[in-house]
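Per-chain numbering from 1; labels A, B, C, D, E and F assigned in written order.
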Amino acid sequence: MNIILKVSGKFFDEENVNNLLILKESVKELINHGFRVGIVTGGGNVARRYIKMAREVGVGEAYLDLLGIWASRLNAYLVMFTLQDMAYMHVPQSLEEFIEAWSHGKVVVTGGFQPGQSTAAVAALVAEASSSKILINATNVDGVYERDPRIYADAKLLPRLTTSDLRKILEISQSVQAGTYELLDPLAIKIVERSKIKVIVMNYRRLNKIINIINGEEISSVIEPV
Amino acid sequence: MNIILKVSGKFFDEENVNNLLILKESVKELINHGFRVGIVTGGGNVARRYIKMAREVGVGEAYLDLLGIWASRLNAYLVMFTLQDMAYMHVPQSLEEFIEAWSHGKVVVTGGFQPGQSTAAVAALVAEASSSKILINATNVDGVYERDPRIYADAKLLPRLTTSDLRKILEISQSVQAGTYELLDPLAIKIVERSKIKVIVMNYRRLNKIINIINGEEISSVIEPV
Amino acid sequence: MNIILKVSGKFFDEENVNNLLILKESVKELINHGFRVGIVTGGGNVARRYIKMAREVGVGEAYLDLLGIWASRLNAYLVMFTLQDMAYMHVPQSLEEFIEAWSHGKVVVTGGFQPGQSTAAVAALVAEASSSKILINATNVDGVYERDPRIYADAKLLPRLTTSDLRKILEISQSVQAGTYELLDPLAIKIVERSKIKVIVMNYRRLNKIINIINGEEISSVIEPV
Amino acid sequence: MNIILKVSGKFFDEENVNNLLILKESVKELINHGFRVGIVTGGGNVARRYIKMAREVGVGEAYLDLLGIWASRLNAYLVMFTLQDMAYMHVPQSLEEFIEAWSHGKVVVTGGFQPGQSTAAVAALVAEASSSKILINATNVDGVYERDPRIYADAKLLPRLTTSDLRKILEISQSVQAGTYELLDPLAIKIVERSKIKVIVMNYRRLNKIINIINGEEISSVIEPV
Amino acid sequence: MNIILKVSGKFFDEENVNNLLILKESVKELINHGFRVGIVTGGGNVARRYIKMAREVGVGEAYLDLLGIWASRLNAYLVMFTLQDMAYMHVPQSLEEFIEAWSHGKVVVTGGFQPGQSTAAVAALVAEASSSKILINATNVDGVYERDPRIYADAKLLPRLTTSDLRKILEISQSVQAGTYELLDPLAIKIVERSKIKVIVMNYRRLNKIINIINGEEISSVIEPV
Amino acid sequence: MNIILKVSGKFFDEENVNNLLILKESVKELINHGFRVGIVTGGGNVARRYIKMAREVGVGEAYLDLLGIWASRLNAYLVMFTLQDMAYMHVPQSLEEFIEAWSHGKVVVTGGFQPGQSTAAVAALVAEASSSKILINATNVDGVYERDPRIYADAKLLPRLTTSDLRKILEISQSVQAGTYELLDPLAIKIVERSKIKVIVMNYRRLNKIINIINGEEISSVIEPV
């Protein structure tokens, strides 16, 4: 059973060693439960700061995206070195490289692949190519909310929704709920739908309960492809 | 001045040696007029037939896309070898490889890059990365039509439209006008908009008049980014 | 015990999904019987058509051969994706790449390597480098005939011959029996002789009986190196 | 005439867009004066912060160094994209890759190469391999001081010294003058001595006067190899 | 005008610095006369000694050939570093790598490519891929002799012959005239014939007169493809 | 338990097939005792001869070192092919390539990495990156001597010393005891100290007793990191 774990850039922004330790434990836990694991890392603040500087000196859009990709790869190296012997020791730079790396049987850690594409899309592509039926999106909120929880104190977390529901939420609230779009962009939705991949959105602070979350016993949002 | 030329898979399906000769001449013409040229090739029938076979034996979506990508690369090799000394002698397999190849100053020919992505998107990415302000889409129709010319004999060709117009046409007629979507998919539109790239849709039979087309003196559709 | 399976380009020309399914089963069968398997794919019609087009536009011999090689690699991708988890997920582009890929323990699928060289020669090189003592040549005839069966209705299949016999047949009948030369060219013969590799020529329609064929219980021609 | 410019990690820590603009101008200036330019970037704070996190989760020394190297490569990408058409579009990951990149005639930008080695050593190796007779070390102080200027207000800058003088200063003051060691470590000194490379230590705030500095008309320290 | 220069392994066995100096001068001379130059190096004694050792410990034929190839690449590095700025700074390991390297416009130096193949065949392939119409074979004899000059004191050098003549000489005297076969093996003959490449066999001691030899004004054997 | 075995260039200079056979046996022995093995090969006479030739034609220091590195890689190929199935079939050209190769679980054989660096330093880097706690240095003397045994007949072998002791010996006797410096250069000492790697210096003629040597039951010098 294969599974892909997307780790938000915010996870790295906290520069919290406990984050890395819990991540390492969660990977061990997944392996012990019979999963093969792939990891996709976001870019976070380092990405944003480098992009900002480069934009100010007039660097073009494709190259700004590439800077963000290289920042996400730096995070991938951090995770890969943290996992050490559990990980395959190369950060793939394209899906074809991922596929080759994946065939070695170890955890493969990857950052971004290509301009014009979120790491959510990378995670979906990687899930599809590895025949994973679950894609876990570990971020700094507990899941997908009906409306923006930072504005509406009573916003309800949706424990279960479909990609079609998600599309509607994205259309309505794109402006107010900036983080959501990061979860699944249109390409990511297209991929998880065509290959029937279930997406679980969870808080990375709960990575120590990852098996419970997969079993639906912990707070998270499950997005079913339709 | 840099320019990207996307050649439809249908161009190759005709297996017509004149197509290749005209393409070669048009590249020379562009170079003589001071352009640096990049070429992106579609997959065509070979792609479709290999995908069909693979689908029937149960190959997954990501790998079907990869077969199509490899078929488009075969077309890229055909073009690259036809151009011979004008071309850089490597078909890049990712945007990062394209960027390195491009810095050598010769024509770079590329097929597809990644599953989940049309060659139109590849062409847009390549145009952006090469700072091209024009992306030419050479296909087997004369340009973008108001409605499907194969159904409505009186359908009018639109000599000039915006990406925003195109989006509407795509939404309305997606079901009936299958070929159009191939011209610019959502990622391609996003890229040409953010980097202000003008797209010219033309018939590849008019490649011998490419300079006239760029100058707006020949039948084609010009899509302005907005 | 290592074994190399060369699949003729004609196998792919049929665009028959059953061919692929039988091939997949035969590989499973070989693995179940303790073999490690390498596969070499021919180029077939796609190769011929691309070469023809390129030749007409004046592309040189080395590049025509390379087009054929890329067409054979497309077939290799088709087979590799069909085998999925059984296969190593990279099509090697030289013998040195094959050797590295082979050391991972999975099925390695390769097309051509180099201009001036048949895929039969590639198969022999790959057999030698993998210390295979058997090279199976799956093609669209039942084996090697004494004289051309398409002309002489009574031509007899040779169930057993030596490379030295084969050399003579090739010299006499080269003009009339075009397909034979494809089986083993001079480089291939040199390699199988120096490394004592037995070549079995068989019909790919009998791939479902591959173990019987290896055991000499089914129609085929066995060519002993001398 | 070839020249290598080593840019300290501190340059990037300031996240100052003017730094990048001045650097770009100084490279143009050097090219206009007939120099071919190579650039080596340090890792700075990003390197230190990633190393710190990784060290706390128990990552080994070689991998900590590699994280620093990847951070320095991120800086190299920032510089490379800033230089755009002036630069060769690949950040080499070893001296052999640098040598190949260098033979294309454009500015080559590189970060670190290998654990156990400072970017000063990389700069010296790169200077030697490119037959550069000048290695400029742009950092956040004005040059080499007789003793630590942060402690001794009257410490004098040494406008001219030898590698042999530098060795003595490094031995005496290693503990008090932390930044100096970064300028030239033992491997770097060995390389600049054996290949007779002159090292100029300067403040990166004076990059706009780089030609004056090379001509000895501006504040800096010149270290002659002996 | 492109030209390929094959340098025999014996050239390197002499460990004579003058050989390298003359070779460097001859390349300059060729460039000054408007030639683009490719160089193929043989393996020589180092190849033979490593192969001998490996054979005694039971290493297989393919790997013995690879050792010889790596020895020939060591010679290629020696030549490449000797030529320095005139050369492209990468020794290609396959014809496809050669083709990419060649498109950069500098001298490309290569050793062997693949087991089962002489460096004469490599030289012919490289000549064909670079559209060279002349392949110079610099060895330790003055050209091709009618019969073995080491046995028959009166053996005459053949100033002009055809590939068809050469084939006959090779068949008759293969046993007595060991060096000849090294000049052109069957694959090499096939390639030079199909692409109409003229082969000039000359003594490497005359490399300082290479233009005269090309002009037919100095001792050598010219082999015309038929 | 991981272990690195550095084989001196002198081992190859003897061109003794028994050396290779004993080495192969010692690797088997180590694997049977539960070790994972990495091997680093020196360059020896071939390196020295090629460097000498190149120096005389004026090749620069960085490139002389690279020639030595390529000679050491030729030795690595010889060892890798000798080990055959036990070895990973690629000679890494940098530490990052080593790390990826190492993650496949087989013996990895490497030569030099980079100019300005001894193969002793490579061995230390490789030991650190593979988390090896023992680095064996197999050379043509029995261990480290108090003073040069070739001069002082009564020089005593030191069965046990620290890196700090070694530093002193190197400082005093550098001039008289040329071979010693080859054992551990300053970078190597720095690496083994920071990662607490024990170095055992032994005679390669005793490789058949390698387990005894590791257990301290045979003549050798053990250098403890302090």
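Here, contacts are C-beta pairs under 8 Å (C-beta built on N, C-alpha and C of every residue); 3 or more make two chains touch, one makes a residue touch a chain.
All of these numbers come straight from a predicted model, not from anything done at the bench.
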Chain at maximum distance from chain F, centres defined as averaged CA atoms: B
Chain C and chain E, separation of their C-alpha mean positions in angstrom: 31
Whole-Å separation of chain centres (CA-atom averages), chain B against chain E: 44
Between chain E and chain F, centroid-to-centroid distance (C-alpha), Å: 36
Residues within chain D bordering two or more other chains: 60, 63, 66, 99, 104
Category of the chain touch graph - line, ring, star, complete, other: other
Inter-chain touch pairs (all): A-B, A-C, A-D, A-F, B-C, B-D, B-E, C-E, C-F, D-E, D-F, E-F
Chain E to chain C touching residues, read off their complex: 60-63, 66, 93-96, 99, 113-117, 121, 124-125, 128-129, 131, 186-187, 190-191, 194-195
Touching residues on chain F, where the partner in the complex is chain E: 15, 17, 20-21, 24, 46, 49-50, 53-54, 56-57, 59-60, 63, 66-67, 70-71, 73-74, 77-78, 81-82, 84
Residues on chain B engaged by chain D in the complex (per definition of touch): 99-100, 102-104
Residue ranges of chain D touching chain B (in the complex, touch as defined): 85, 87-90, 104, 106
